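You will see two complexes here that share chain A, one where it goes with chain B and one where it goes with chain C.
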Partner chain A sequence: MKPSPGALALKYLFILLACAVVLYPLLWMVTMAFKPYPEWTTVAGLTWLPQDPTWQNFEFIFRGHAEGLVVSLDRTITGPLIASLVTSICGTALAVVSGTLASYAVVRFGLAQSLPLSVLQLRLFPPLAVMIPVMVMWAFIGAVDTWWGLSLIYGIVTLPFAFWLMKTFFEEVPVEIEDAARVSGCSYWRVFYRITLPIVKPGLATCALFVFILNWSDYLLALMLTQKEWVTLPVYMATLTSAMGGQMYGMKAALGVIAAIPPVVFGLMIQKHLVRGLTFGALKQ
Partner chain B sequence: MSSIQIRNVTKRFGEFTAVRDLSIDIEEGEFVALLGPSGCGKTTTMNMIAGLEDPTEGQILFDGQDLSGLRIQDRNIGFVFQNYAIFTHLSVYRNLSYGLEVKKVPKPEIERRVQAMAERMSISHRLDQPASSLSVNEMQKLAIGRSAIVEPRIFLLDEPLSNLDAGFRAYMRAELKVLQHEFGQTMIYVTHDQIEAMSLADKIAIIDRGRLMQYGAPLDIYNDPQNRFVANFVGSPRMNLVDGELREERGTLKLMLHGGAEIPLSGKVRVDFTCDGSVHGGSFGVRPQDIYFGEKRGGDDITMTGKVEVLERVGPKRLAYLQVQDTLFVAFDDLDRLRVGDEVPFCLPSDKSLAFDIDTGRRLGGA
Partner chain C sequence: MTDQAHTGATRTIRPQGYWVGVARDGQKMGFWFILPTFLLLLFIVIFPFFMQLYLSVTWWTPLEGIPWYSAWEVFSWFDNYLTLATDPRLWGALWRTALIMIVAVPAQFFLGMALAYLFIDQFPGRKLFYSILLTPMMIVPAVVGLMFFLLFQGTGPVNAHLGLPADFSWLTDVNRAMISVIIADIWQWTPLMFLILLAGMLGVPSDQLLAARLLGGSNWQNFVKIILPRMKTVIIIALVLRTVECFKIFDLIYIMTKGGPGVQTETISVFLYKQTFGDLEWSYVAAIGLTILIVLSVIAAKGLAYMARKQG
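== the complex of A and B ==
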């Protein structure tokens, strides 16, 4: 049945509203990033668009100081940016690789039948509840404030997500396709990486993106397990205050814009797989 | 090309026994159908031959050689799956070339064989396209081509026609027969469709609940079923099988049917029923085309009277459903004069009727 024009209008109005709710703060962040200090500190006369667009905020977080500003930073964004990239990518790789291998073993070979639920348990309690023991353990093995220590905990925390997501994708692959490859002369390993993995590639890409976003936006773990060397972007952002000026909103906005770039680029890179990956389970074989 | 011996093979999945003590000998170049209802263990048997499953007990020999130690990738088997198992992420060409690539066949040779096979299966115009874009019929051809291109020692087909529409299925059935001649391969074919099995196979193995019920040439199985299950399963329309108690009354042996009617036994079928004195319950079998109307043609034939319940047209002929008390007999209306509601006499030919023991299902007497 074709919807009536009224219903259609209502539908679009709703979509528009939903978009506005999402886009408005984003727009605010982007415009604020380009506003000079007086514009984002003023209470009266706030404007939608920067009246006098400037790179001042970006210059400030990259160089530690900027022309026309009396305050300065003792830490630029470079360190945290690298820390975030390194730990998120390593953590994602760890979670996706081990999650993929583990879920394949469970789905195809019926190994470790209790694994799915025990893996899920990792996410059944609030992270804060285990944070202190983890801190103690990490301190014990010398993993606090190291890239591998943070990557390791990222990998562990996001593993259940990767595991369960990949499990549903593998369950969709008909076993006969693998049997056919084996009959053709492939070893188990070759079947896995030449036949099964390419088939679930959309799922793999989607899974990696989701896990990356989870790791990229983590605040708590990085706050607890880093001190100086490997402070990540979200933690760094929280430190952007000055004794004189209070919260440095302009700089935070600039930081937010930069922080949004990697997930967006990643998303665009795998865009062609994304739709297929998100609807994988819904399609008939 | 290989011969296959299946020796006392049993396969259990936990508590469930899928295949029990199965023994089948398949000669080189034979086309054998494994026929049985769904869940009877025929696909499991096929998987064991392919090496996808290991038998719990027993052996499978290829040319007299036990394969249990041989990895599946070294067995050189062609397998066509029910759902085709096409590599949808690859092109049609890569699907065909895959097995050859794995076997490290030189590139020009691959190229030549893929072209030849694509032409043979008439999918050469699709070679560069992704396999996912093929129609079901083309996928079927691709699946067969992909299995045949590696020139396997044996060729296994697991219900390859069951997903096809009726027209293409009939075409593929004929095509498969031609292909088998061309390839000259030992072929094993799993199906639950007796017409497919009858028309394609040199030999049919009928399996029920994991047990081999009968193994032989299609016509032998049709004419001479060894047990009630086979008699009931093979043939379309189905054989009339009516159950009852054997009772001797004033010198006449009768089968008292559960529906209330009785069949006075005489001639060969009487001898069959009495060959084993311990049998008390019997099953009387006669094929619809063997029942006739009108005058008794043989002295030992059995005359019954029934009421025509339904007449059903099947092609040029009509099937008559004849009610005798509470028992229904199906016969071909060879006179074409019957009308619904008629009380008509009909004859069961004694020498073409079969006798079964109702408890064990085994055939009594027989050839």
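== the complex of A and C ==
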């Protein structure tokens, strides 16, 4: 049934309105990152596009100082950027590897049928309600403010997503293919490694990107389990103001843009599987 | 594997299951496959649980200078639990968390549902608009906090657009701080509702919808009588997911207002964070955490049992 032109126009109007609402805060931060100091506030009038575009904000956070600015920074973005990358990647590797193996064993060998629900329960609780023993343990084993300590907790908290996502991908592999390989004399390990894994490779990539986004987006865990050396990007961004006294809107916005880019790019790449990932495989698109 | 386990697997979406009669070498491999996950779970669930239980009946804080395992020296019975039952700040924080859930989740639901309805049919530009509308939920929550922090500054664009003076504050005002936080949460998570509900809506068999249209049902009738009943599971998933996540809300609030002004936007997570790092009341936080853990587990078990009964 063709909608009438009036209905269609109304539909576009609503959608454009929704897009405008979505883009409004985004645009303000992105343009802010390229604005010089006088344009940070609307005191001298509201400007959406930078009147005098500048790289000064980015230069400042990467080099610790910038031309025309009296303040300087004792910590540049380099450390937090590396920390974010290292911990997110290691945490993702841990979650994806253990999640993939375990879900395969659950799907194909029928082992540990209670595992899926107990894994899921990890996501139910607010992290802060269970953080006291974690912090005591991390301090006890010397994992506070280390790359492996943060990676370990990242791997654990994103394990449920990796597990459930890979579970749905394995369930989609026809068992007949594996049966055929078994009959031809492949060992179980060979079937898994040479037959099943190549089949679920796209799923594995999706899963890794999805888990990486989650780890990269973390703020709370890094806030609690790092102090200086391995502070991640979001924590660094949030503490930038207090370290320098004045409100450094432009620099913070530049940091926000840098932190926001990888998840948005990866998220759009795996758009097709987002529903599946976010609902623990309960829904597929 | 036994037959009983095999019939259990037929309840999954695809009736094909796992191998029946896996040989011993296969069992062994399965064991090694599960081991890492099992160890991680053991490491993060069993041991911390007992430690939390232990610390929650003491007065231990990291300031005392005694290691955590000697916490029995400051044993306090159930004092922490008695304190939490009458702590006005804790109950205030719980109430504010509930308030955010009551306002934000339904708002996200209705907005997401309306948007999803607009996206059922194909139309030029659908893919582009779809991608734009999904962006907010992919942005790091801490960055969303920063974005709205910038927007709601006295000298920010919101005041400029509404024609309000620069001393009209949002984030430091007793009433408007909460409104700002809720707006930010709705902005970030409506796309998630939209995404899930749209997936559910597209799952409604199109021939049924077409038949209803041909029989002369109005759009509203079709929506209420054909689409909604077939989306029940999806709706439940979306609402449960958002409610659980909303209860955890921290990043956004902590960056926008730090729970302030005063305790006006202090949710349960922000409250626990402040108790942990501001007041260093670790055993008290352990007691609160354990209580939350138990209450949520009971609710989850009841919910699952209810769902199972409905399905069975």
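As a working rule, the second predicted complex is superposed on the first by the 252 of 285 C-alpha atoms of A that agree within 3 Å, B and C clash if a C-alpha of one lies under 4 Å from a C-alpha of the other, contacts with A are read in each partner's own complex, and residues count from 1 in each chain.
We take it that contacts are C-beta pairs under 8 Å (C-beta built on N, C-alpha and C of every residue); 3 or more make two chains touch, one makes a residue touch a chain.
Predicted, not measured: the structure shown is a model, and the values here were computed from it.
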Partner chain(s) touched by A:174 [first = chain B, second = chain C, both, neither]: both
First, second, both or neither for A:199, with chain B first and chain C second: first
First, second, both or neither for A:186, with chain B first and chain C second: first
Partner contacting more residues of chain A (chain B vs chain C): C
Touched partner set for A:18, first chain B, second chain C, both or neither: second
Which superposed partner A:32 touches (first chain B, second chain C, both, neither): second
Footprint overlap on chain A, comparing chain B with chain C: 174, 179, 182, 187, 285
Contact footprint of chain A on chain C as seen in their complex: 1, 5-6, 8-9, 12-14, 16-19, 22-23, 25-27, 29-34, 36-38, 40-41, 43-45, 47-49, 51-52, 55, 68, 114-115, 118, 121, 123, 129, 131-148, 150-151, 153, 155-157, 159-161, 166, 187, 191-192, 195-196, 199-200, 202-203, 213, 234, 237, 241, 244, 247-248, 250-251, 254-255, 268-269, 272-273, 276-277, 282, 285-286, 288-290, 292-293, 296-297, 300, 304
List of chain A residues in touch with chain B within their complex: 174, 176-177, 179-187, 190, 195, 198-199, 201, 285
Chain B residues touching chain A - in the complex, by the definition given at the top: 50, 52, 71-79, 81-90, 98-99, 102-103, 146-147, 150
Touch list for chain A against partner chain C, complex: 1, 3, 8, 11, 14-15, 18-19, 21-26, 28-29, 32, 41-43, 46, 97-99, 101-102, 104-113, 115, 117-119, 121-137, 140, 155-156, 159, 163, 171-172, 174-175, 178-179, 182, 187-189, 192, 213, 216-217, 219-220, 224, 234-235, 237-238, 249, 252-253, 256, 259-260, 263-264, 267-268, 271, 274-275, 278-279, 282-285
